Every structure is written in structure tokens, then in C-alpha cells.
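Pasting a structure below so you can have a look.
Going in written order, the chains are labelled A, B and C, and every chain counts its residues from 1.
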Amino acid sequence: MPQLSFADYAAIQVGALLTFGIVSFLYKDNPFYKLCESIFVGLSAGYWFVVLFWENLVPKLYDNLKHALAEPTTATGSLSIEWLYLFALLLGILMLLRLVPKLGWLSRWPLSFVVGATAGLYFITYLQSNALRQLQATLVPILNFTDMASGKGPTSTLNAFFKQYLGNAVILVGTVSGLFYFYFSKEHKGWFGRSARVGIYFLMITFGASFGYTVMSRMSLLIGRIDFLISDWWPALMGGWM
Amino acid sequence: MLAGALAACLLLIFDATAQEATAPDAVVTAKDRGSDAGGVIELSWAAWELPADVARFEILRGTSPEGDFETVAELPGTDSGYVDETAVDGQDYYYIVAALIQTGGHPFVAPTAGPARSSAQWFNTSRLNQFIIGAVISLAIVAFIWAARSGRKLFVRKIAGLEAVDEAIGRATEMGRPILFIPGIQDMDNVETIAGLTILARVAHTVAEYETTLNVPVSRSLVMTTARESIREAYLAAGRPDGYSDDMVHYLTDEQFGYVAAVNGIMVRQKPATCFYMGAFYAESLIMAETGAEIGAIQIAGTAQPAQLPFFVAACDYTLIGEELFAASAYLSGEPRQLGSLKGQDVGKAMGMIAVAAGVLFLTLSSLLPGVDLFRRLADIVGGLFQVN
Amino acid sequence: MLEKLLALDRRWIFLLVIVALTLPFFLNLTCKSYVSPEVRTLYDAIDKLRPNSKVLMAFDYDPASEPELNPMAEAFFKFAFTRRLKVIILGLWPQGPQQADRVLERVFADSVFGAMNLQYGVDYVNLGFQSGNEFAIQGMGSSIERVFPRDVRGTVTGDIPIMQDVKDFSNVDFVFNLSAGYPGTVEWVQVAADRYGVRLGAGNTAVQAPLVYPYLGSGQLTGLLGGMKGGAEFEVLTGFPAKANKFMVSQTAAHMVVILFVIVGNVAFFIVQGRGRKGRGEV
């Protein structure tokens, strides 16, 4: 490991201490964990404040309004588009009026704007990408008799046959029975109830697979921390700084 | 005159001693691209009858048939079209397509195409299907909201987990321990957060009646202000305005893992008897649910984040899966807009179920009976409904 | 005995998992990686790009997801530079572009890539972070320069050589998104891929990967690296085995411990439950 500067050495030691502190919670809650938790909460709150101020408020609001004041009109004589940010400034001020009890009701306007604008954008986006494209991908034949008769394509072997068409059947049954489960206008009784039950089984299998993936993810993060302790912290502790 | 102008232009581009030849049978069409915001003209041509393969095409553009033409593009010889994205709306353009063949020599020039004028359209007609589907679902939602407002009772099936809410609050009251409510880690522009806060209002109403302690740590400032308002109104409705305190809802941090570290600390120290997790969650969900299970709290969760549902299902006593969160919010609040939205969405789901089943059936039948064109056409119609352009 | 097993203090399980994860660091073991179709799809898509093609890498994650996503980024950079692709880096998370810089440091520390003398601004550029989430992606559909007016060094985007002929998504040959949450792959699919027809590949944390598999099946995504395993497979395919492959042994060991406890726990649970029923005369 190359010789570290004092700053790098200190950063690694602090990182290791915080790692041990947070992981100590696995044994039981203790003051060391509480200290690390407080440091993390405070640091992250401060970090996000700084990021939101310098990456959002300053470039998006301040710089644009400054540009509008410097160049109020375009070459063709129309108002600069940056004047629109006055509207954003107004909404921001209305939001802050939440802190004034008598005027707090005014903060509902910017809130409504944000919720409405997002809903409008998401309506088409989710309809396109999450509904229609997925439903389109579900339109596959249960059996393609033409392919089977001609002996070409993935049905040319029994293995590929099962892989493709069993998969298609599972996709169809899973999609439709899942939709049955989330249909709220009908009680889950009789054939409808049984179909919905099939749907919940599909959901649970999916959750199991997703859980397995997440276990892998958590283990990966822990491996990353252990790698830091073994590859960075321990050599630094033994080697000191230059 | 045109030939003279053309010769002058082409001589500048090609060998000065070369002569151009016309390709009178080559047909080039130039037209405005429809359903766009303007500024685009599309050229297309069929394969030309030439003595050898085309090495490359040169596209020239001018604003009048007699005026100067300039080269705007060079294309491989295998192309059969060009999209001019630099057109100015309202301006007439003329195009000349010249082909250089691989054996060399003079270029072959198609008759001038044009005038073509680009323009912006109001509607993208290739997305008509999406408009129709969106309109049908929206109209269904509006119709059901209207029906709910006019007093008509709209049926929503029972949702397991909701019945446990009162029992869970009662348990906390008996044990004399607080109730923890986490409305997710997203902001007020997230529909799950809104659903979570609707359920919070209902929970707060019951908590006010039972005089239990409610603790709502949040990770967004907007959520804090909205949650305070919801709880204040709930306490007022329950006839216990004096029981409310702003400290019930407190902001921790925007940072995901900083937030969950703090929530874990609250759980371990205060040992709430009941934990509600209602809203949008990400990786922190399992950490919270595990800690809640460890302290022996009864946990009721609801989220529409598919990646987090497994953890809640495994670690919590009751889980509202996906849309059940929104259904629960509508069910508990009884608000016409929420109920109507839920029922309207059911119309969309029913349409989807029927279309998928029909489409798969038609596709399968068309492969079984390839001679019967009807099934193929029906399958194409169903497929066209879901086409995204 | 079985009751004791069911009531086992979870801290013993934590200890066993930590031992399973840590031991392989001190043993010289390797683990073979079998490449999944979705990883192969991504590899083939990049392999088919011609030299000097423009690839946009969106770093949408923070240090919390570094162990999973940095190995993917490193393998992708190495593959892209070997194929002489031009890489445009940006991020919708504030720390994303910083992660890109850290990965590039590692890449250029490798003598092979150090010797390539790749130039900032010519072969790769870091346009930095921009807030706005999916609105930023939408803005890039019209003009990347308007959304990212300057790079991380303060240079005007229009003055950067690599960006000369890159106006919007139509001038980008492939987008590779590394994502750990929101905004991330879902937003890139919804806006960039579906609305602007961008060819999009993704590297996700294993938590997010199941969420984006439907996009793979429908063709909205061209390839997916899921978690550290996906990163390990991509390292093998590209010929640059590194951290992800090294950690696969630990990963496998930990999974085996978890599977063992799941099986033992379930068996114990059902046996104890059965005994309880017999005792109550229900069976």
C-alpha cells in the first residue's frame, strides 16, 4: 500500500471507527452506536442542505433570475424565458409561508402544483412504459403450431419447446391472475377468488426471488465494508502515515 | 436553366471534367414529417436502375428550383431515405439526390423533389391508441368520482390487514407504549406518501380516542408539515384537540440510511408496541422491519415498491401489497375522489385482462389455423391497441 | 433441541455470516462465473459498436452502493476504452459523477489503460451532476448542453471536443445506466428509451434488479447487470476479472450459510408445529 497522507490516514481511521460503531448495533444498542448514528444523521442532513442549496437553489433559481435581470429581453424583443423563474420564486415563498400560522394555508398552492404536475407527467409515462409496453410483451402464443409443424425456431427441440411455451403460459397465467388479485370491485369468492389465490401464489414466488436478490445485495455491501477494513484500514493502521 | 444551376453545383462537388447524367426513373419524395414539433422533412426513394451499385448518395438542398443548392448530407449507397432535421418551418425546400456508383464516373441525378415545407402539428396521431386508452380510464375515474359524490355506494372488497389496525392500536394502548408511524421516505409528490398520510389520519383519529402516544419521524420537510396538519385535524375530529402536539411529527434527515439509523434508534429506545410503515420505501425497509420484529412490535406495512414488499411480507404481521395501500387509503377515508379513482383503475385492469386473454387466444388460433386470416387480423388489432410509438 | 434451535440468538447467525464472508479473503479460492443471457446481451450490444461511437454513462448512485456498482463501472470503462469508444459521464445523483472519478482513477492506475494516454475531453468527459430527476433526462432529449451547460471542470460543454457533434440522444449510440434507486433505470427506460428511442443498458443493485427485469423481457432494456454477480459475469466476459470476481467466493459462502439456516429453520419450525398439534390432539 502506498504511503498515506495524514488526511487520508485519518479519513480511513474515522471510516473504520464509524463502521465498527454502526455494526456494533448487531450485538446490542450502545452509546458508541448512538454516537455514530448521530454523526451520520447530522452529517447527512448538513450534506443534503449544502447539495440542495448549491446544486438546486443557486443554479436553478438565483442564476436564472440573475440572467433575466441582466438580459430582460431576447434579440427578437420578447421577454427572456428566465422570467418564468419568478413564478418558481413565488411558489417557493408561498411554501415557506407554512411557517407563519395565519398564512400557512397559502402553502397548499405550491404543493398542489407539484403534485398535479408530477401526476400529469407520470400518467403518460407509466401508461406507456409500465402498462402498454408490458401488456404488449405479454401477447405471445401459448403454442405456435406453425413453428412446430415446420420444425424451425425454438420449438425444434423438446427442451426449447418447454422453455419457450411453458414460459409463455406461465407469463399469461401469472399476469392475468395477478390482475385478478388486484381487482377491488369484486369479492374474492368462487372462481374469481381461486384465480386471485393463484395470483397471490405468483406474487409470493416473485417476492421470494426478490428477497433472494436482496440478500445478495446486502451481503455484497457487507463484503465491501470487510474489504475496506482488510485492504485499507488494517494496512493503514499498521503502516501509519508519511 | 435548372440544368445549368445543377451543373454548376455538381461541378463544384465532383470531378470538374465529369458530366452528370439524369436518372429520370428515380423518384424521390420529400414531405413534412407528420406528428412532430416541426423542422423535419423526410426524403425517400426506391431502388434506382443503375449500371452498377451505388457507392454513396449526395443530398443537396435549395430554397428554389432555380437557385443555389448546397450539400446537406452524404449517405451510404445502401440508404433509401434521409431525414433533414434542419428545415425551417414555413420555408419551401427543394432536394436533389445524386448517386455515385462504385465504378466511378459521373453522378446520376434524380429529378428535383419538392417543394416540401416542414410544419409543427398539434397532435401526434401515432399515439392515438394511448390517448383513447388514457381517455377511457380517465372518464371512468371521473364517472366513479361523480357517482361517489352523489351518494352512490361503491363496493371495495375487504382488505386483510386493515382490520388489524384498530387491534394494533388497542394493543399499544394496553401496553402503555407508543405507536410509531413511518410514512415512507419520499416526498409529497409521491402518490404512496399521500396514501400513507391518509392512513395516518385514520390512525391518528383512533389514537386520539385511545389517548395513546403517536410518534411520526419523517425524512422530508413537506411531509412533516402535511402530516402535522393531518394529525391536528384528526385530533380535532376526535374531539381531542388538546391532545395534539407538533412534536408528534419530527424531521430527521433526507438521507436514506441516516434516517433509518435514527428510526432504529427510536425503536430500540422507545420500544413502540405498534409500528406502521405506510408509503414509499427503499433499501431501508428491511432494516426497520427487522428491528421492529426484534423489539416485539406488531407491524403493519404497506408499500407499492415491489422490491421492498418481500421484506415487509417476511418481517411484518400484515402487509398491504402494492395497490392495496391505495385501496386501503380509499377504504378508510371514504373520500369520493380516492374511491372513484380506485374503481376507475379497475376498469383499466379489466380492459387489460380481457385484451391480454383475447390477444393470446387469437395468436394461438392464428398459428393453429394459418389459413384463416381472421385470427391474425384480430391479433394485430389487439396488438395495435398496446403499440407504443 | 429443535426448540432451542428456533430460539437461537440471532447474533450467532450474524457471527457465522461474518466469518463466512471474511474467511475467503484469507484463502486463495476462486469461483467460476457462468454468464447469464442478460449480461451477454449487454456485452454483445457494446461489442457491436464501432470505434469512436458515443456511449453515455449515467452514474445514479451514491457510496452506499459502491461495492456492487463500482466493479461494473470499472469493467465497463475498461471494455469501452479497449473498444475505442468515447465515454460521456453524467449523474442524476450528486455523488454519482464523483464515483465515476474514483473508478477512473482505478482504471488509469492499471498500466494497460495508463499507457493508452486517453485524454479528458477527447476520449471521455465528466459532465457532472444535474438535479431534476426524470425532467433532466427529458431535457437531454432536446439538448444535452442545455441540461449540462458545463462539465465538472467548469468548461462550457459546447467547447469540449467530444461533445462537438453530440446535441441530444439521437447523437448517442448507447446509454449505460448504473442505478441504485430513484432516479435511475426506471426513469431512463420511461423517458430515454421509450420516448426518445435510446438504446439502453443497465447495471443495478441486486435490490433493484428484479424491478427492471420486466423491461428486459419487453425489449425496453438491452442487457442488465444485476448486483455484484452481474458485475462478476461482465468482468469475465470483458476479460478484466477484478473485485467482483474476487468477492464471489465470499458471496457464495454467505449464501450457503443463509440457505442452511433457512432449511434448518423451516424443518425445525414444521416439526415443532407438528409436535404441538399432536400434543393438542389435532392430528
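Definition applied: a contact is a pair of C-beta atoms (placed from the backbone, for glycine too) under 8 Å apart; a residue touches a chain by one contact, two chains touch by 3 or more.
The shown structure was predicted, so the numbers you read here are calculated from the model rather than taken from an experiment.
Counting C-beta pairs in contact, the pair that comes out ahead of the other among A-B and A-C is A-B. Relative to the whole-protein C-alpha centroid, the nearest chain centroid is that of A. Distance from the subunit B centre to the subunit C centre is 23 Å, each centre being the mean of its Cα atoms.
Subunit A and subunit B, compared by their mean Cα positions, are separated by 14 Å.
Between the Cα centres of subunit A and subunit C there is a gap of 14 Å.
Subunit B has residues 257, 283, 306-307, 388 in contact with two or more other chains. Counting only residues that touch two or more partner chains, subunit C has 64, 194, 205, 207, 210. For subunit A, residues that reach two or more other chains under the stated contact definition are 128-129, 133, 136, 206, 210, 214, 217.
Against subunit B, in their complex, subunit C makes its touches with residues 10, 64, 181-182, 194, 205, 207-208, 210-211.
For subunit A in complex with subunit C, the touching residues are 26-27, 51, 55-56, 60, 121, 125-126, 128-130, 133-134, 136-137, 206, 209-210, 213-217, 219-227, 230. Looking at the complex, you find that subunit C touches subunit A at residues 11, 14, 17-18, 21-22, 25, 64-68, 94, 129-131, 134-135, 189-191, 193-195, 205-207, 209-210, 214-215, 217-220, 226-229, 243, 247, 250-251, 254-255, 258.
Residues 186, 256-257, 282-283, 294, 306-307, 388 of subunit B are the ones that touch subunit C when the two sit in their complex. Touching subunit B in their complex are the following residues of subunit A: 22, 25, 29, 33-34, 37, 40-45, 47-48, 95, 98, 107, 111, 114-115, 118-119, 123-124, 127-129, 131-133, 135-136, 138-147, 172, 175-176, 179-180, 182-188, 203-204, 206-208, 210-211, 214, 217-218.
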